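Scrolling down, you'll hit the structures one after another.
After this come two complexes, each holding subunit A, first together with subunit B and then together with subunit C.
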Partner chain A sequence: MRRYLAAPGDWIAALGDIAKFAARDFGEVFGLRVFRFFGEALRQAGVLILGSTIVFWSLAFILGLQCGIEGAYFNRSVGAPAYAGVFSAWCDLREIMPYAFGYMMSAKVGTGLVAEIGAMRITDEIDALEVMGISSMTFLCATRLLAAFMVLPFMYIAAVGAGFFASYLAVVQQIGEVSSGGFFLIFWMFQNPPDLLYSLIKGMVMATVIVIVGTYYGYTASGGPVGVGTATAKSMVLNTVMVHLVGMLGTQIFWGANPRAPIGG
Partner chain B sequence: MVRAVADRAFLPTKNLLEQVGDMMILTGKTILSALRPPYPYGGELVQQFLFALRLCWFPLLVSTIAFGYGAPGLQAGNFLVLFGAIDRLGGFFVLASIREFAPFVTAIILAGVAGTAITADLGARKIREELDALQVLGVDPVKNLVVPRFLSLMVVTGLFNIYALLFGIFGGVLATLTFKAPLGPFFATLLTNASTTDLWGSVVKTTCFGAIIAIVCCYKGMTASGGAEGVGRAVNQAVVIAFLGIGAFNYVFTQTLLATHPEISVIK
Partner chain C sequence: MIDDRGHDDEATPPSGYEKPPGEQETVQWESPGSQPTRESAVPEPPPTEQDRVPTPWELQQQQAGQETVAEGQPNPVGGAETQVEDAPARSDFEQANADRRAAEVTGEAAPPSGADDDEYKWHTDRTGRSESAESDAVEFIDVKKSFGRNAVLNGLNLGIPDDQISMILGPSGTGKSVCIKHMVGLLYPDEGDVLVHGESVPNMRDDDLFEMRKKFGVLFQDGALFGSMNLFDNVAFPLRQHTDKGEDEIVDICTRRLREVGLAGAGEKMPNELSGGMRKRAGFARALVLDPEIVLFDEPDSGLDPVRTALLCELIKEIHQENGGAYVVITHDIMSARRVAEYIAILWKGRIVESGPASELFNSDNQFVRQFLSGEARGPLGME
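And then the complex of A and B:
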């Protein structure tokens, strides 16, 4: 029984550490100390753009297709195929895009950070940085957080576009029970700019959590090459759970008491 | 110059295609050596099964309740409340939970939790040259390491799907309670709309997800190279490929199921 409770136990034990780590990291970024290494932050932003954009957009695209076909079949079954746009608008923008973003961020960026920083930790490169008088926390962790803040909002909005395009393809071109004009009429009627903003906030909170967890597990990795692998796996577990929790809380806060739909009273 | 540009554009694609081919070959080898006697992998199979169970039960529980409460529960519930038809939320959960998100969340969690653990484990063995040592001893790594993981992950993912959809529906129950609606109509519409086709479709889908996860993660673990960073990088690539594979397979499977069984999308 005890072994079955090991994972939740680990999280509770690590929670305080992670909170302390996050506070230090935010202190470095918002205390503007990170701008001493702005070049490094730009380089990390470049790494993010080149390495993660394509996989992230492809997951958004695939899940957009998924939303589209489910919406088309569901609306056909209630006898209102022309209203597939409602399903696509809510499913894509409000729920699935933040989740797609969270999943791909934790898979690609989170584990990548653990692997990279963890390898530096166990080959003593981080200690070497400290010896040279460079604050490793600022140079390694804060620059990556700043890079994420700089790049990810744009990547996220573009991914929402990819998801919309995929839903359009699935509903209008593939299933074909609603005309393109009818689809877009309903589709744009059931969303407005604040929805996009809320969705973006959800995605960015997920991204911040993932970067913090990834850098934490990398920064505190120990136990040789095997240790880096284990830390990577552990960070992934915590990240997937956090993504779902943030998604649920975001929905509750932004749309819980107010559906923001142009119908009803 | 032209050659450099061509290399930059086509080498990643070529690599990707080669890796996909390698994974297919590994799948074939795994299935063959699972069927062909002797069967030395029984103990390892049970051990891997319990290992996945131990790692995944808690993350899956939290994630499915959160997902079920947030996405289909609150959003669809809000929409239905506008029409005064909150009792229909149960019917919607057949589509949302059983057909769509329970399998998907199960696959994401299994890939993220059990899959990464498998890659980290096999990758560590690879770079400590234990896999080569096994081969020198005449022990076939595919039969003794990949086959038990492949089979146990398929079974465990299929079973976890049932667990996930139960807790997903529990999320829906929580959402219904937040709207201060009675639970009787929720379960009534849920049970009238649920069909066995939905259930077997969901279980078959997750079993295939389990196979995809096992093959991708074992392949990436067994081909890890480059010391400490190599294992981490292998885990990273394994999860990304597994997620994309799951997404693509999910689309094809759901589309086929919906198109070939029109009776499941009739609202009763």
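And then the complex of A and C:
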């Protein structure tokens, strides 16, 4: 019996460690100690912008196209082609963009953080930072979290715009069964500014979790290159689970009790 | 300064050098109370049967009732120096032989392995605080440290004298690197205390600890250069983080330090473009850039060929002569110890076996120390 309980016990212990790590990381950021290394935070922001923006916007654009095409054909099949904008509004904003953002962040940024910081750990670079009198937690982890806070909201909102634009192209320009004005009438009817805020909150919670998990597994990596590889895989699994958990909770909290849609009076 | 000079010490050939049979440096293990003699490059009469300690291979043969290797004759398996390596079933008798070897060299029956007295019978160093502790740069006081069930430091008492090049020597896995990590507060002792210039490291607050660490420069085994920065930025990093110096002054300091370690033209290179020796020298330059009071070297000779090891040792000596301070070198390379050490401490089983000025240690009566410093297979230290 004890053997079967060992694995869940380890998971709970690991989650506890991650929670403590997250608390310390937030403490460094919101306690403003991270601003001692603001230059490094800006550098990390630059890395995020240059390394991830095009990838995410491209992903968002492609998913926007798909949402638009499938929404348009589905609505035509039920005899309501003018309502293709509903799909674009809901699919793009509420679900696809947060999930796409979460997946992209997990696969590119999260694993990159584990690999980079983990490699620094096993090559004594983190110890080298410490013995130079520099807090490695602040310099490596808090700066990356701050960089994520500085960059990702703008990247996310722009990605939502890319998705909307792609849906418009698919519905109005490619399939063409609804006019531009008709598309936008329904499109704006089924969303409002708070929805954008809620979507942004979902995406940012995902991003924060992913950065925390990535930096945690990198910072605590051990066991040489194999250990870093194992930590990278673990972070990917946990991040994938967390992305769906945050996505589900976000939908339940923001739209579960109230669809925020002009349906049914 | 790194240059292309060779060895200037005839008595310290580079590791890997093998003297001809007639010149083999030997240690004679004698009966207790007598002074073991160590002779080099001097023809000597062959040792008699009485004062010669049998090797594990010979002991195994004796045990099996077989013919012992004839005195002065080559072993059927191999030469005298390869007997231990070639012994086919060493693990079967290693513990018994360790006790037996100890009994041979001390002239008394070895107590059972595991008994505390037996385990530390060669540890003749002080067990309390030394008289000169006040002037030591770093001091360990009864430090104990375990990782799980593995006790690495077990009541360590050690003082690192200021303004000297000290070496902590010891067999692999005896806690030398753990010592360094205690000095800079990367690890804390389970029991005991570590003092740096009289201040207790485990009792420091985080801010004080980070401030204290600025006294240190540390050269890690592989240099630990930051992979995202070029060599110049690596060396400049501590200056940019901890000082208000202008960029021109930083360039001057870093250029001088890089020139000192023979890397004047390599500032733009990334760490992955450098050889192992260059990375170590770059790490050395970075460790020195804040003019630290204490410089720690974690196995600076690991992975280097004998010539580059010799050159790095020369560099350490030269820089120490220029800058002073307490230099602590962790190694198990005896050649390096002969080249640079002014003070030596030998660590084994979590405690100091013996420590003192290098000249005293190299003439020590302690048979463990003599075995270790001469690199002999025969003696108290076995494979266990």
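Here is the rule we go by: the second predicted complex is superposed on the first by the 251 of 265 C-alpha atoms of A that agree within 3 Å, B and C clash if a C-alpha of one lies under 4 Å from a C-alpha of the other, contacts with A are read in each partner's own complex, and residues count from 1 in each chain.
Just so it is clear, a contact is a pair of C-beta atoms (placed from the backbone, for glycine too) under 8 Å apart; a residue touches a chain by one contact, two chains touch by 3 or more.
In this text the structure is predicted, and so the values were computed from the model without any measurement.
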item: Which of subunit B and subunit C A:Gly112 touches, first, second, both or neither; value: first
item: Touched partner set for A:Tyr4, first subunit B, second subunit C, both or neither; value: first
item: First (subunit B), second (subunit C), both or neither touched by A:Tyr103; value: first
item: Touched partner set for A:Asp17, first subunit B, second subunit C, both or neither; value: neither
item: Partner chain(s) touched by A:Val241 [first = subunit B, second = subunit C, both, neither]; value: first
item: Partner chain in contact with A:Glu125 - subunit B first, subunit C second, else both or neither; value: second
item: Common interface positions of subunit A, toward subunit B and toward subunit C; value: 119, 123
item: Footprint of subunit C on subunit A - complex, ascending; value: 119-120, 123-125, 127-128, 130-135
item: Subunit A partner contacts - residues on subunit B that touch it in the complex; value: 53-55, 57-59, 62-63, 66-67, 69-71, 74-75, 78-79, 81-83, 92, 95, 99-100, 105, 108-109, 112-113, 116-117, 119-121, 123-124, 127-128, 178, 227-236, 239-240, 243-244, 247-248, 250-251, 254-255, 258, 265-267
item: Contacting residues of subunit C [partner subunit A, same complex]; value: 181, 184, 186, 206, 210-214, 216, 218, 220-222, 224-227, 237-238, 241-242, 290
item: Subunit B contact footprint on subunit A (complex, rising order); value: 3-8, 55, 58-59, 62-63, 65-66, 69-70, 73-74, 76-78, 86, 90-91, 94-96, 99, 103-104, 106-108, 111-112, 114-116, 118-119, 122-123, 224-226, 228-233, 236-237, 239-241, 244-245, 247-248, 250-252, 255-256, 259, 261, 263-264
